[in-house]
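Each of the two complexes below includes chain A, the first together with chain B, the second together with chain C.
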Partner chain A sequence: MVSLLLQGLALGVLTGGLYALLASGLSLYFGVMRVVMVAHPAFLFLAAYLTYTVHTTLGVDPFLALPLTVPLFFALGVAVQRLLIARLAPDNLAMMSVLLTFGIALTIEGLLGTFYTGSYKSVSMEYATRSLSLGGVHLPYDKIIAFAVAGLTLAVLFAVLVKSRFGQALRATIQHREAARLVGIRTERVAGYGFGVGLATAAVGGTVLALITPFFPASHWVWIGKLMAIIVVGGLGSVVGAALAAVLLGVVEGVVLVTVDATWATMMFYVFLFLTLLARPQGFFGGRLAHRF
Partner chain B sequence: MRTVSRGLPLLLAALAVAYPWLAPNYYLVYAGALTVMYAAMSTSWNLLGGFTGYVSLGHSAFFGLGAYGTGLLVVRLDVPWAVALLVSALLVTAFAVGVGIAAVRVRGASFVIVSLALVSMMNLIVQGWRSLTGGSTGLQVPSPFPGLHRGQTHIVFFYLFLVLLALALLSWWYVSRSRFGAGLRAIREDEDKAESLGVPTGAYKVAAFALSALFVALAGGLYALWFGSLDPIFVFSILIASYMVLMSLLGGVRHLYGPLLGALIVAPAGEYFLIALGETQIHLTATGLVLVLVVLFMPDGILARFTRRRAGPSIPDESADQRLQGVAP
Partner chain C sequence: MARVRTTLTIISICALALTACAKTDEPGAAQSPGQQQGPVKIGISLPLTGDFSEPGKGIQEGYQVWADQVNARGGLLGRKVELIFRDDASDPNRVSSDYESLITQDKVNLVFGPFSSRLVIPAAKVAESYGMLFVEPAGAAAEVFEQGFTRLFYAAPAIASDHYNYLADYILKLPADQRPKTAAYASLDDPFAQGTAYGLRDKLAAAGVKTVVDEVYPPETTDFAPIAAKIAAAKPDLVVGGTQFEDSVGLVRALQELKVQPKLAAFSTGPTLAEFPAAVKGAAEHILSPVGWSSTATFTGNQEMVKRYKELFGGEANEDAANGYTVGQIVEAAVNAVKCVDPTKECQDKLTQHIRQGTFDTVVGPLSFDDKGRPEQAHMIQQYVNGKVEIVLPEQAKTASIVYPKQEW
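What follows is the complex of A and B.
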């Protein structure tokens, strides 16, 4: 029983790292535009399918797709923000942006289903199928790789946000848009780049996802539920809150997965979502921005 | 103008009643029944969305629960179908009150997230609880009219859905003229102000949520009896929920006949795409693109664009302050 719990705990931490990466994108969108981007998981799967195509046609390692997908997704993110989101009227932005990105998600799902069919696809690499044994706990290499990639990407993201001039401008825009504009920051442009960075994290996440789990077009809905639960528990707009909630929910999921079953493991996300809303609608960590949304 | 706006609904109602006898084949009767079903559902979606501005992407949860509730009562407990339909709808409404209490604590985008989560959650439960629901293999519900052949059943259900649509339209119309409706509109304009003026916003929102769930649950129950087989992936699908939103938005959420008009456009178009393009996923792309276009270029819907004057009862354009004065005690 103890080793089972340890197993669940370890798996949960590893998966939680990936969740943290994926939720960070959502926090960025919410921060820069006050937009809940329901299409994030759809883009994730778009990246997974692109990785699949690159891997099957060129026969290269899935991670070699990253130099292609990351810039592509950055450009897509800037385009989505400039061409679509920025056009919405500000008075009803929250609702309309959800509907807009929901439409984008349906569009992507339909295209993926048309081009790749609705059946499961997967990318498996020989090095990723084994697992590491540590004192009775088995850690699959693919999950370790996923965790490492997620950790590395998050570290880069934080370094950019804290150290670079762009990061400073982005944080200023998130904190107070008008004030940022007054001191000469071109907030529209910065918001576009913020979206680009968010989608770039989806490109990385999608590649990792392709490696660790089979996927099909409609599975992005499951991820919407999971990621949304994470950012609500963490507090909308708080990157650190999202990361903490991601690891917490990853661990809860991992433990329930090994002790009960998969249905209840997924259910835990929704249980936490509703409990959070009842107890603390603005989220448990940070979440200052979420108060009036 | 007045005679037109009085006469037109009557003419359309007469046309709707005559439709099954005008349709050249049973397939078109089937498509008509489906359209009326969607019209009823989007009209009841609009009881929440149109008045309060709260966008629910999760109303297919109530559709699925109504369907499974009715189906399970008929199959497992041998309850007569009409009783099963009503009992199931009432249970779903009670459930919606419970969910509403949690869901309406958050606004805007967070509310949409909660509503989305609701569908996924119900899907998960119904698929996981195999011993009761049959899981992903589905549930078979016996026909309530075993004496009729398939085409005749389509006609009967066309009229049943028509009655449901009439009830939903009447409710929207009634609410739009009531003090309750004025309170809901005040919530959309400025929730904090409405609350400070003494509108019981929490109770009003939960009531609107439950009322709109009631008709969707009834539609789900009728659907279960009509189709005779339930598939959790379909009845708890995001697609059904997004149809309700798309239809209401396209027609115009501030108008009584907005969702109905949207349904008359979207549902036949969806059926047409299904036939023309087969079982590919491209209809999802079509739905998604239309939604994006509507949100970007026509967020107030067709009726708002073509009629500055009123096309049937609608929510008038007035300032938030005027509206709030109407509800202040």
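What follows is the complex of A and C.
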């Protein structure tokens, strides 16, 4: 029983890392632009499909698709923000953005169905089906890789946000848009780049997903609920909060799964979402920091 | 490949435009003098988008191959067959309204069933209320037959809980020293998937094979490692999954990663799809699955169906297409026997009675039905042997011998 708990805990931490990567973009969009981006998981799977294409046509490791997909997704993000999101009325931005991005998600799903058909695709690498054994605990390599990639991506994201001039401008825009504009920050452009950075994380997340799960065009719907729960628990707009909440929920899920059952484990996301909204609507980790990092 | 894609695109456009193509691509179906009735219209709602879009399209292709062949033979009672498809997006509410409007607005002569137990039940309720015969290709869960339907028939060899019957017999006949003692079950929370796994579980448990893990997971589950961890801790001799595709792959990969090495592994739906071996890499070897149809079988019409499917759609026919085709074969036989094909109560009653009493030669073998519409046959068992799908049970249908215990994955 003890080793089973340890196993559940270890798997939960690794899975939580992956969740943190997948949710970071969502948190960024909300932080920068108050945009609820329902299409984020659809973009994750768009990236997964592109990774699949690069992997099968060129026969290279799926991670070598990243130099292609990351800049592509950054450009796509800037374009989506400038051409679509920026045109929404500011009064009810949060609500209209749900409708708009829902439409984008359906469009992506339809396009994937047309180009790739509805059948399942997968990227299976030899190294992804083995595991590292430590004591009685097995750590699957695909999950270790996912965790490492998530850690690396989030570290880069933080470095960009904290160190670079663009990051400072982005944070200023998040904290107080008007003030940022007064000191000469071109907030529109910054918001576009912020969206681009969010989608760039989706490119990385999609590659990792492609490695660990098979996918078909409608796969993205099961993710949106989980990821939304994570960013609400973490505090909307707080990237650090989202990361902490992701690991927390990953661990809770893993432990509940080995001690109770899978139905309860899935429900924990919504239990935490519900409790958060009741007790601390601003989120557990972000709190008053939610508007900052 | 380009042709496949073009064909698929045309099909999806047809599906989107609902009846438009069905009406236009058969100029010969227009009323001919002396025959004022026009074509035989068959109404079908299918999940062409959403969760069940993949099997939904397979069923649609099966229906299309059947209609194509019937029309080549001169149609039903000399009238061309016209299929009218609706897309219900895997939504039980939409499937009901689709059948309502097919029956009342399009005034179809016949209806065929949709895919999955979840959609078959609401669809059959509508058909029942209008007194329409309802032969369906994919509603195998026990619940389907507990609703009091009088006009429903499931056109496949067996209902969910009987899928593993041949495997259960095989396991229970093993000599005492080889017989497995413990078994782990993990199933998707879905009546069909659970039905298959529990059919085997109940038979083995009754014979003394101890159930050590019995896990149900919701469709949103994306991470199977903790479930595999539970199974690993119990070290079972058998692992049985009541699965669809994504979860079968997730479970196999996770079991492999957590070094669970059972003597026998069986999963219901995933391994029967062509994408499976690539998705789990080398781990497919010796995995067992129940299968209702085989492309190599020589049952009535099977080889013609496989050939025509390839001509129309480019790829290999699968079990979903075969199930759709089977529905067509049964209804065709009934229509030819009772010589009517009207939506009237008298005619639909006659068709229903004929199907209830007869035995029908189909691509999945001879089929007959009990008073609830349940088929009275059983599924074959397939296994990956040397990377190829072979039928290993029952004895009279086998293409290779069953491998037990399985090699390590």
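In the analysis below, the second predicted complex is superposed on the first by the 282 of 293 C-alpha atoms of A that agree within 3 Å, B and C clash if a C-alpha of one lies under 4 Å from a C-alpha of the other, contacts with A are read in each partner's own complex, and residues count from 1 in each chain.
By our rule, a contact is a pair of C-beta atoms (placed from the backbone, for glycine too) under 8 Å apart; a residue touches a chain by one contact, two chains touch by 3 or more.
The model shown is predicted, which means the values in this text are computed figures rather than measured ones.
**Student:** With both structures lined up on chain A, is it a clash or a fit for chain B and chain C?
**Tutor:** Clash.
**Student:** Which partner chains sit in contact with A:Glu253 here, chain B, chain C, both or neither? Use first/second/both/neither.
**Tutor:** second
**Student:** Contact-wise, after the overlay, does A:His55 reach chain B, chain C, both or neither (first, second, both, neither)?
**Tutor:** After superposing on A, A:His55 lies clear of both chain B and chain C.
**Student:** Between chain B (first) and chain C (second), which does A:Ile224 come into contact with in this model arrangement: first, second, both, or neither?
**Tutor:** Touch partner of A:Ile224: chain B, not chain C.
**Student:** Report for A:Glu126: first if it touches chain B alone, second if chain C alone, otherwise both or neither.
**Tutor:** After superposition on chain A, A:Glu126 lies in contact with chain C alone.
**Student:** With the two structures laid over each other on chain A, which partner does A:Ala94 touch: chain B (first), chain C (second), both, or neither?
**Tutor:** In the superposition, A:Ala94 touches chain B alone.
**Student:** For A:Gly113, decide between first (touching chain B), second (touching chain C), both and neither.
**Tutor:** In the superposition, A:Gly113 touches chain B and chain C alike.
**Student:** On the A-aligned overlay, A:Arg177 touches which partner chain: chain B = first, chain C = second, or both, or neither?
**Tutor:** neither
**Student:** If you stack the two complexes on chain A, which partner ends up touching A:Thr263: first (chain B), second (chain C), both, or neither?
**Tutor:** Both: A:Thr263 reaches chain B and chain C.
**Student:** Taking the superposition on A as described, I'd like to know which of chain B and chain C A:Thr213 touches: first, second, both or neither.
**Tutor:** After superposition on chain A, A:Thr213 lies in contact with chain C alone.
**Student:** Would you find which stretch of chain C runs into chain B in the superposed arrangement, from 98-106, 152-160, 278-286 or 350-358?
**Tutor:** Looking at 98-106, 152-160, 278-286 or 350-358, the stretch of chain C that collides with chain B is 98-106.
**Student:** Touching chain B and also chain C: which chain A residues?
**Tutor:** 113-114, 118, 217, 222, 225, 261, 263, 266
**Student:** Please output the residues of chain B touching chain A within their complex, sorted ascending.
**Tutor:** Touching chain A: residues 53, 55, 57, 102-103, 105-110, 112-114, 116-117, 120-121, 124-125, 127-128, 238-239, 242, 245, 249, 280-292, 295-296, 299 of chain B.
**Student:** Show which residues of chain A lie in contact with chain B when the two form their complex.
**Tutor:** Contacts found on chain A: 30, 34-36, 38, 84, 87-89, 92, 94-100, 102-114, 118, 217, 221-222, 224-225, 228-229, 232, 236, 261, 263-264, 266-267, 269-270, 273-274, 277-278, 281, 290, 292-293.
**Student:** Once bound in the complex, which stretches of chain A touch chain C?
**Tutor:** Result: residues 3-4, 7-8, 11-12, 15, 113-114, 117-122, 124, 126, 128-131, 133, 138, 140-143, 212-219, 222-223, 225-226, 253-254, 257-258, 261-263, 265-266 of chain A touch chain C.
**Student:** State the interface residues of chain C toward chain A in the complex, per the touch definition above.
**Tutor:** Spelled out, the residues of chain C in touch with chain A are 5, 8-9, 12, 49-51, 53-54, 57, 189, 215-223, 225-227, 229-230, 232-233, 245-246, 249-250, 253-254, 256-259, 273, 275, 278-281, 283.
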